[in-house]
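Some structures to go through are shown next.
In the two assemblies presented below, subunit A is common to both, partnered first by subunit B and then by subunit C.
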Partner chain A sequence: MILRRQLNNLMISWKGARGFRRTMLDIVVRGSRNPMVVIGATIILVMVALAILAPVLPIADPTPPEVNPGEKLLPPSTRHWFGTDNIGQDVFSRVIWATRVSLTVASLAICFSLMIGVILGLTAGYFGGAVDYIIAGTIDLFWTFPAFLLALALAAALGASLTNVIIAISISFWAGFGRLMRGQALTVRERQFVEASRALGAKNSRIMFTHVLPNCIAPLIVWASIGVADAITIESSLSFLGAGTPATTPSWGNMLNLGMPFISEAWWVATFPGVVLLITVLGFNLLGDGLRDVLDPRMKGLRR
Partner chain B sequence: MMPRRKPIIEIRGLRTQFIMREGTVTALDGIDLIIYENESLGIVGETGCGKSMTAFSILRLVPTPGKITAGSIRFKGVELRKLTEAEMRSIRGRLISMIFQDPSTSLDPVFTIGFQLGEVISLHQHVYDQSVLNKKILEMLKLVRIAAPQSVVKQYPHELSGGMKQRVMIALALSCNPSLLIADEPTTALDVTIQAQVLRLLKDLVKKSGSSMMLITHNLGIVAETCDRVCIMYAGRIVEIADTHELFEKPQHPYTKGLLTAFPKLGEQREELSVIKGTVPNLMKPFPGCSFVDRCDFATDECRRVRPSMIEVAPDHFVSCHLYRGGGEGDRVG
Partner chain C sequence: MANLVSYIVRKLLLAIPIIILATFIVFLMLHLTPGDPALRLVPPRHTSQDVEDAREKYGLNESLPVQYASFLWRLLHGDMGTSVTTFTPVDIMVFNRLPRTLELMAIGLTISYSIGIPLGIFSALRQNSVADRGVMVFTLIAYAMPSFWLGIMLMLIFAVKLHWLPLGGTVGGFASIILPTITLGLGNSALTTRMMRSSMLEVLRMDYMTQLRSRGLPEREVIFKHGLKNAILPVITVIGLDIGWFVGGAVVVETIFSWPGIGKLLVDSIQNADFPVVQGCILILAMFVVLGNLLADILYAYVDPRVRLG
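And now, the complex of A and B:
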């Protein structure tokens, strides 16, 4: 009975989230007028499409079962657009497959960081007092470590596997979201509509998730976008150092590492993954920066 | 004179304090107040005298580090101070509702009006069917005389004018037909022409639904127009309670008199408005006597030492002042 009531409540929140959906639509509409957002979003869309379509694209097998000595270190040509590497694998195909790995790892890691950061930051900022003291302290503790070093240490300790990379990045990133969320919650909880909904009988969990959180969504989106760029960089750095994605799975970091010894004789092996990595990271950063401009409350007057 | 009616809320000896490292601020110092069924009571006083704190104490929403330290609040015979937080939540918004000063910040900017009304209705009346809910939402919007309820349902707070927003707030507060509506300066943030409309609406709706209203304001004009009884507060204490008419005609407490003379009347030639000299006492220091003593022209040594109790100078007219202790000595003042 109580469960059904909760479920109904949830349904109504979802239906009422029409407002929330409109906010999202509003972001898209205003974003489409910002060149940074447009360029960033285009790059990301292309990369995501390539990542998703990798298995069906007419490209070579990124990890052929046997080494073909005749195909070793071939320069870019019409047959191998980005050339081949030292064991005769097609670089173009590997770059695309690596996109799949990098984007998955980065976005999953950011999702987890967001979840942990939002829940802890919201709790800390909303309740304040001793709860805040403990959570904010924990956040600061994690925040003091440089994200990359922490991720490196964790990945090294956990061992090289995709899951471990995601865990390592999540642990080193959540504090940033937690800090942001806490700060936002601290300001939003002082606003009168929070007091008004309390006076109308709403309980804390409802106020937190239906009133405080949706009012903090804009900076979270910006941070998540820039966070994905950082997560991609860290994933690649870890893989480059051999602490990230296992060497058998193509990833940009692995490929950079692989191509490094031949950089003078076969520049294409390391350069192409590097360039694609750069473009992808640039895409997310552009989107994040552009969204920050779009979502800036001082720009709200230009809405219509 | 009003006949004796059933009290809806009875406050006895309510004391709300903010206990901080720097000292204890006594925001409410022994409030005794009764609001009867189907009446509107105005609470008047200057900033910081405890008007809003009385409201927050009733709802048990005193902001930290504030705490109710003594007294009792009985709502329909139920002691609110003894209820659990969950029981209190089911009272807020359903039996006791509140309207805030600034309508532009009291509504959540990211949700539509329809959603926010629906949220309160489903929360307290457990209505989950969207079509029933929609009907109720429209009903409420019509009740507060919003011109185009169909379109307002889909609008966001920033798309409405201040007066419209306050109407929506009233709809929110009245959606569950509360027994007591607390309106904390509901018209201060609105412009004057809208103020009158909103007040009339509030008064009508409260009368029609048979609820009681506690109207907090610092504007005596609003009280004169809207309330049946008035309660004057000063420095966390109640100094005078009377029928509105009686209070305006025969103010007894020196502070009430000061307030009324500081208030300009239409068609009256006056060079300067009179002011009450001095400032509000520091609420951190406990004072044994009358809180108004430092600003009162009639203060005696006794006023400094002994706290005056409530004296009924006329039926239903209570004053907290030593000047009236003997009874019928009111002529001594002014």
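And now, the complex of A and C:
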């Protein structure tokens, strides 16, 4: 409560501040009143902290150079919280390290999609005409094409590596941002302040990035949050199918893939990575859905 | 009726660029990987003569546009190449598997709608009640749950521990299809539920509902006869998106349950580096999505006349 009041005061004192900083503050203040946003953000913070701290946490080596045969497929115990897998590696430690891989891949992929989508969508919506016709057509094409199938095709062609997974997800995901940005740019460019700055002689690029873009921050954040959740799911599905993160790097998807053959004698190997994956995806979905409810009820149609 | 025909023609024309994009992606796949593309079109055990033959057959010495044109030309004649592991024509392999995938998706979609639509209506009629909150929590979890994990957990409970249902494959007849279709349908039912709920809530607030009630119509008739008719429309519009989701889901679910459909064929072929089959599977699955979207658009225009005029 006290924190909220401070944030409110801060917002009042920043009333003069414009653009990006103001919008961000507004999102934090209004978001903190929504339980979905709070729960989602808490989950994300915990997962990010675990991912960053993985090297210094007192956990076992996720990929020990030598494996003790006596440590194979041990059930969960105080020594191995989530048990051990078929070659004696500690599942808990691998789940934590996999968080690092999945979050990095998903957030980098979404960053690249965001950049491609924002630049193309903004250009299309702002300039209109023939430019818009071509770009909007391309956006629609990629939007209709199922993202998972495209990512699988690209990952299969490029080969299993972290970089390739990021490329595959970025290419299959940017259209959502492009669509969103184009729509926003189309409405914002008609507003009077855009006309005013054009009258004052501002360049197109300046108007696009300092006037149109900051007005689209809220929906972009919502879409990015939901996008990270979807990207995590795609990354782990690809890894599960053996076309994503290489088997030597721990990832939730390939841990499940490795654990599946041992499902009848060691349920823990495939169960725990899935639970952590589920919680993480849930966190990003809650944050995205909550922010959407708070920031803009009209965006309800953005995603079902 | 004339409107409907011109609408369908318009939608058909819009599907063409997507099909072209799909063929282009599939074509590019061959050239994306570093190394000689001809090596991906010959069996693992091959002679240098085989490589030269493949180069000749697929015109790999030509420029990319020429290669793409001849690729399209072969596709138009139903030639998708030959598998490098089984030496069977790819189109035969793919079409043999197609019925299995269709079966899985049809039952999966039925499950998804028979859970999602009633649950969405129920939830909307009791907005903000404990039951409604419960349904919303269910949809959040069901949506976040990765289908491969759900599949493994269902397998663990019903096949490994309880021995009620077979682990995978198709030998169990009807019993074999239960777990794969539930895995496929449950995640999507979360989306259908949310869609149905929000659309029903919107309709319940409309003036004509109040008007019908004030005329003394029984509540059941107001909601199910007049309300549902309008509320179900948005759910129909997203059938196309659902099919896209199911195509991705089928690949994963078929792999878990060793279901002999196109998805399993695709994953096996990726692992065996059987390039022509990978291309064929992706192309067919993409066509499938395009066709699904088209059918959904037509269905939507059929039930909602406003769409045809738009």
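The rule we apply is simple: the second predicted complex is superposed on the first by the 277 of 304 C-alpha atoms of A that agree within 3 Å, B and C clash if a C-alpha of one lies under 4 Å from a C-alpha of the other, contacts with A are read in each partner's own complex, and residues count from 1 in each chain.
Methods note: a contact is a pair of C-beta atoms (placed from the backbone, for glycine too) under 8 Å apart; a residue touches a chain by one contact, two chains touch by 3 or more.
Values in this document were obtained by computation on a predicted structure and should not be read as measured data.
J.: Identify which of subunit B and subunit C touches the larger number of residues of subunit A.
T.: On the superposition, C touches more of the residues of subunit A.
J.: After superposition on the shared chain, which partner residues are touched by A:T144: those of subunit B (first), subunit C (second), both, or neither?
T.: second
J.: Considering only the touch criterion stated at the top, classify A:L277 as touching first (subunit B), second (subunit C), both, or neither.
T.: After superposition on chain A, A:L277 lies in contact with subunit C alone.
J.: Based on the superposed arrangement, let me know which partner A:L158 touches: subunit B (first), subunit C (second), both, or neither?
T.: The second partner, subunit C, only.
J.: Touch test for A:F92: subunit B only (first), subunit C only (second), both, or neither?
T.: After superposition on chain A, A:F92 lies in contact with neither partner.
J.: For A:W267, using the defined touch cut-off, is the partner it touches subunit B, subunit C, both, or neither? Pick first, second, both or neither.
T.: In the superposition, A:W267 contacts subunit C only.
J.: Looking at the overlay, does A:L200 come into contact with subunit B only (first), subunit C only (second), both, or neither?
T.: In the superposition, A:L200 contacts subunit B only.
J.: A:F173 in the overlay: touching subunit B, subunit C, both, or neither? Say first, second, both or neither.
T.: Touch partners of A:F173: none, neither subunit B nor subunit C.
J.: Contact-wise, after the overlay, does A:P214 reach subunit B, subunit C, both or neither (first, second, both, neither)?
T.: first
J.: Residue overlap on subunit A between the subunit B contact set and the subunit C contact set?
T.: Of subunit A, no residue contacts subunit B in one complex and subunit C in the other.
J.: Mind pulling up the subunit B residues that touch subunit A in the complex?
T.: 59, 61, 64, 86, 89-94, 97-98, 100, 102, 105-112, 114-115, 118-120, 122-124, 126, 128, 130, 133, 156, 169, 172-173
J.: Looking at the complex, which residues from subunit A come into contact with subunit C?
T.: 137, 141-142, 144-150, 152-154, 156-159, 229, 233, 236-237, 240-243, 253, 256, 259-260, 263-264, 267, 270-271, 273-274, 277-278, 281-282, 285-286, 289, 300, 304
J.: Given the complex with subunit A, which residues does subunit C contribute to the contact?
T.: Listed in rising order, the residues are 17-18, 21-22, 25-26, 28-30, 32-33, 140-141, 143-149, 152-153, 155-156, 160, 191, 194-195, 198, 238, 241, 244-245, 247-248, 251-252, 255-256, 266-267, 270-271, 278, 282, 285-286, 289-290, 293.
J.: Spell out the residues on subunit A that touch subunit B in their complex, using ranges where they run on.
T.: Listed in rising order, the residues are 5, 8-9, 11-12, 15-20, 23, 128-129, 191-193, 195-203, 206, 210-211, 214-215, 217.
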